[in-house]
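Given below, in the form of structure tokens, are the structures.
In the two assemblies presented below, subunit A is common to both, partnered first by subunit B and then by subunit C.
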Partner chain A sequence: MKLELRRAVVEDLVFGPATGLAGGLLTVDSDEALRCLEGIPLTKMRLEIARPGESVRIIPVKDVIEPRCKVEGPGEVFPGFIGDVETVGEGATLVLEGAAVVTCAPVVGFQEGFIDMCGPGADYTPFSKTKNLVLIAEPEEGLEKHAYEGALRMAGLRLAHYLAKACASVAPDRTETYELPPLAGRNSDLPRFVYIYMLQSQGLLHDTYLYGVDVKKILPTLIHPNEVLDGAVASGNCVSACDKNTTYHHLNNPVIAELYRRHGIDLDFLGVIVTNENVILVDKKRSSSYTAKLASLIGADVAIVTEEGYGNPDTDLVMNCAKLERRGIRTVLITDEAAGADGASQGLADAVPEATAVVSAGNVNAIVVVPPMDRVLGWPESIATLSGGNESSLRPDGSIETEIQAIIGSTNELGFSAIGSRWV
Partner chain B sequence: MVKEIERAGFPVVHIATIVPISLTVGANRIVPGVAIPHPLGNPDLPAEEEFALRRSLIERAFRALTTDVEEQTVFDC
Partner chain C sequence: MTKRVVHYVNQFFAGQGGEESAHLEPVTVEGALGPGLQLQALLGDEAQVVATVWCGDNHFAENLESTRREVLRRIASFEPDLVIAGPAFNAGRYGMACGEVCRSVTEELNVPALTGLYPENPGVEIYSRDIYIVPVADSARGMKVALQAMGALAAKLLNGELQGTAEEEGYLSRGRRKNFFFAENGAVRAVEMALAKFHGQPFRTEFEMPVFDRVPPAPALKDLKGATIALVNSGGVVPMGNPDRIEVSSASHFGRYSLESLEDLTAQAFESVHGGYDRTYVNDDPDRVVPLDALRALEKEGVFGRLYEYYFSTVGTGTPVKNCSRFGTEIAEQLKADGVDAVILTST
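After this line comes the complex of A and B, so read on.
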């Protein structure tokens, strides 16, 4: 399976009469963009622009999506939501690098997060560095929470696809090729690596989708990494902002990028096993056993496991670890910690002796104070109920004192951030 | 909380869904719950069956409470 990512770099983002990309300037026709959302049960929809360095806060953020579309090959990005469910990961895909669609709405209230485009809060989120087209929307009257989430998820994916599609004829600034040969033909002496991709699937709006299928309903399955690059995995999550994987994170998964980079140099990248994090113990047992079995079946020597969220998914994480290790597969875990404001408490809710190689992406309970912003997009008072915030978080001057878990992507467990924890 | 109540001399049963976490944190009498969002019931069941399920969980917890244990014990049935 071979995929070209054709990257067109977006240097700036403005509203204008026609959507398109020229000379690094992405122009968006706001009316036309909103028309692509017709039929979605949202109301009071409007688009705003937030650029790096501007004094802007976006709150509460549900998802972030990188604009992509297929320009060659079968299927369409975000299969199951955009276009059909044809297998993706082949041909060519246009990426509007440096741009992002951000969806902003209080779906659940406590499990979204915020993005600051400047100041100390900006250092904790990668989306202070993207040129953001922000969709702000409210539900149609009577729309239930789960339908609100679904509507907003679809709106974000459609907008991201619309933006890329409108730029489909642009010449890319650079092209990357991603190709892995079939497992059967491999003749490598290098250690064989599998990536175990744990996806949030706790239900009650804590869901992730694979080709449009709710992953709480799947048995763990093997996929080609190129499918992830084409949006086969999409976020439907309203979980703590710090360590939920937005759709942008999935599209730009750094573990996949690094395994690809080193494939054929010092490792042999076998593929990706997608698994879930369900709320019933028997599901955790079944999925971890099945995951370890699949890894063994394809002959993995080494597994890298990434978690999504914290708390009970820590059990899925360490169950995966123990069962992989018992099959002789050396296993590295990437996670984060809820270790209290001083970092002195137990970082993970569960542990096994086999977990001897763990990378921490940071402590979700660390406190940060962020100053007021000139412009606030969304609902600033929602910090009172966001995970990590409290009733006194929002101060009269507009500054916020909060745990970093309220900041989108601050302790991302794919490693898509600049911070980590020091073990003491 | 389980450990602190126990330290004060009261027997405690921990009803929780993710038994490995109960074991990790050191609970001694553990009764597995149904699911994290609904540990003591199952909204998918008809009311009569759910009542029976809830009663069986509570009875199991009472039994655990009145059973002497020498080590961490999971009351599966």
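After this line comes the complex of A and C, so read on.
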């Protein structure tokens, strides 16, 4: 399976009469862009722009999506949501690198988060560095919560696809090729790596989709990493902002990127096993056993396991680890920690002795104070009910004192950011 | 401005003899003394050892509280910017004295303090969470290296420059996790660690697995007829309006609410404030998390003796285990004091 990512770099983002990309300037026709959202049960929809370094806060943020579309090959990005459910990961895909669609609404769950485009909060989120087209919307009256989440999810994916599609004829700044040969033909002496991709599936607004299928209903399954690059995995969840994997994170999965980078050099990248994080014990047992079996079946020597969320899924994480290790597969976990504001509490809700190699993605409870911003997009008072915030978080001057868990992507457990916790 | 340092040592390092002098009471000497002379040389012009307080180890150990206060009073009178004690190497009583002095200075004078102890000195386990302990050799043969390390940490503390990890800064961890930004992202670090693990090369986990406090369940009640049963939940069910302001996540406290004369938790009077799940169904009917209706029915049937007149509630999501342990202990104490025989714990 071979996929080209054709990257067109977006240096700046403005509103203008016609949507398109020229000389690094992405122009968006706001009216036309909003027309692509017709039929979605949201009201008061408007678009705003937030650029790196600007004094802007976006709150509460539901999802972040990188604009991509297929330009060659079967299917369309975000299968199951945009276009059909054809298998993706082949041909060529246009990426508007440096741009992002951000969805913001007064929202859904309690685990949305915020993005600051400058100041100390900006250091904790990758989306202070992207040129953001922000969709601000409210639900139609009486819209049931799950339908509301679905509407926002669809709106974000459609906008991201629309932006890329409008730029489909642009010449890319660079092209990357992603290709792995079939497993049967491998004769590498290098250690065989599998990536175990745990997706949030606790239900009740904690869902993730694979080709449009709610992953709490799947048995763990083997996929090609290129499918992820084409949006086969889409976020539909309202997990704590710090460690929810936005759709942007999925599209730019850093473990896949690193395994590809080293493939054929010092490791042999076999593929990706997608598994879930369901709430009941029997599901946890079934999925972890099945995951370890699949890894063993394809001959993995080494597994990298990433988590999404904290608390309950810590059990899935360590079950996966123990069962992989017992099959002789050397395993490394990426997780964050809930160690308390003072850092003195144990950070995981479950543990096994087999987990001897763990990468820390940071302590979610660490406190940060972010200053007031000149422009606030959305509903700043929502910090009172976001995980990590409380009723006294928002101060009269507009500054916010909160745990970093209220910041989108601050302790991402795909290992997207350079943060980590250490002993002091 | 030159910073002010006070140094604490025992009778031996004050040059007053060994065991035969271990009973001596605290003494103050102006300026540096014994190992303090070398510390002064290491600190240079930045800081001055303005005084040395010394005391016999036995006297300190046998009159702990009064000696601790007396030594603290003497130290405080010099208005230090930093206090250094020891190094005490692997000496048990001296290590305890250094730990007591440093902890008192830190907590009561709000002045940074450091000592030097061998990592297996019993004082490490007692004091390492509260003070800065530089790991040193097990005997005074390691004095020179110990003082260099302590001097380096002292300079950083005086300048407020302690930015790195415990290991980088040269002290034993105080048991706290702190966030840092590294050169490489987590995924790159994970693949690197995995390759090392596979090849049997040394690697260091970034997070050691916690050791859990596993509590075996109490034996089942033989007879429910006379039993008092209580309801406790971590699903965040509270009286409407959340009178105790329990946080939606990372709770700092729990609440206790009366069930007296209630048959049912209604959606008008109760709600969940939990931030970790969709509360639609519990807010439709709070009995789904606090099953009062079912327990009242069983109580009337005589299945068990009586329902305890309060229920306890907190929010479990994102709540540090340290807080949870405290909640559990405090709730259990109240239940025990009120003669409760069994508890039904519900989550979400």
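Methods note: the second predicted complex is superposed on the first by the 421 of 424 C-alpha atoms of A that agree within 3 Å, B and C clash if a C-alpha of one lies under 4 Å from a C-alpha of the other, contacts with A are read in each partner's own complex, and residues count from 1 in each chain.
Criterion: a contact is a pair of C-beta atoms (placed from the backbone, for glycine too) under 8 Å apart; a residue touches a chain by one contact, two chains touch by 3 or more.
This structure is a prediction, so every number in the text was calculated from the model and none was measured.
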Fit or clash for subunit B plus subunit C once both are placed on subunit A? clash
Per the contact definition in the header, classify A:304: touching subunit B only (first), subunit C only (second), both, or neither. second
One more residue to check, A:284. First (subunit B), second (subunit C), both or neither? first
With the two structures laid over each other on chain A, which partner does A:211 touch: subunit B (first), subunit C (second), both, or neither? neither
Just to be sure I read the superposition right, which of the two partners does A:148 touch: subunit B = first, subunit C = second, or both, or neither? neither
Touched partner set for A:417, first subunit B, second subunit C, both or neither: second
Going by the touch definition up top, name the partner, subunit B or subunit C, that contacts more of subunit A. C
With both complexes overlaid on chain A, does A:351 touch subunit B (first), subunit C (second), both or neither? both
Is A:255 touching anything from subunit B or subunit C once the two structures are fitted on A? First, second, both or neither. second
Between subunit B and subunit C, which residues of subunit A are contacted by each of them? 202, 204, 349-351
Going by the contact rule set out above, which residues of subunit A touch subunit C in the complex? 109-111, 123, 145-146, 191, 193, 202, 204-206, 240, 254-255, 257-259, 262, 266-267, 301-304, 310-311, 330-335, 337-353, 355-366, 385-391, 403-405, 412-424
Interface residues, subunit B side, partner subunit A - complex: 17-21, 24, 32, 34-37
Residue numbers on subunit A that touch subunit B, as the complex places them: 202-204, 279-281, 284, 312, 314-315, 318-319, 349-351
Which residues, counting only subunit C, touch subunit A once they are in their complex? 129, 165-167, 169, 173-191, 193-195, 197-199, 203, 205-212, 245, 247-250, 275-278, 280, 316-323
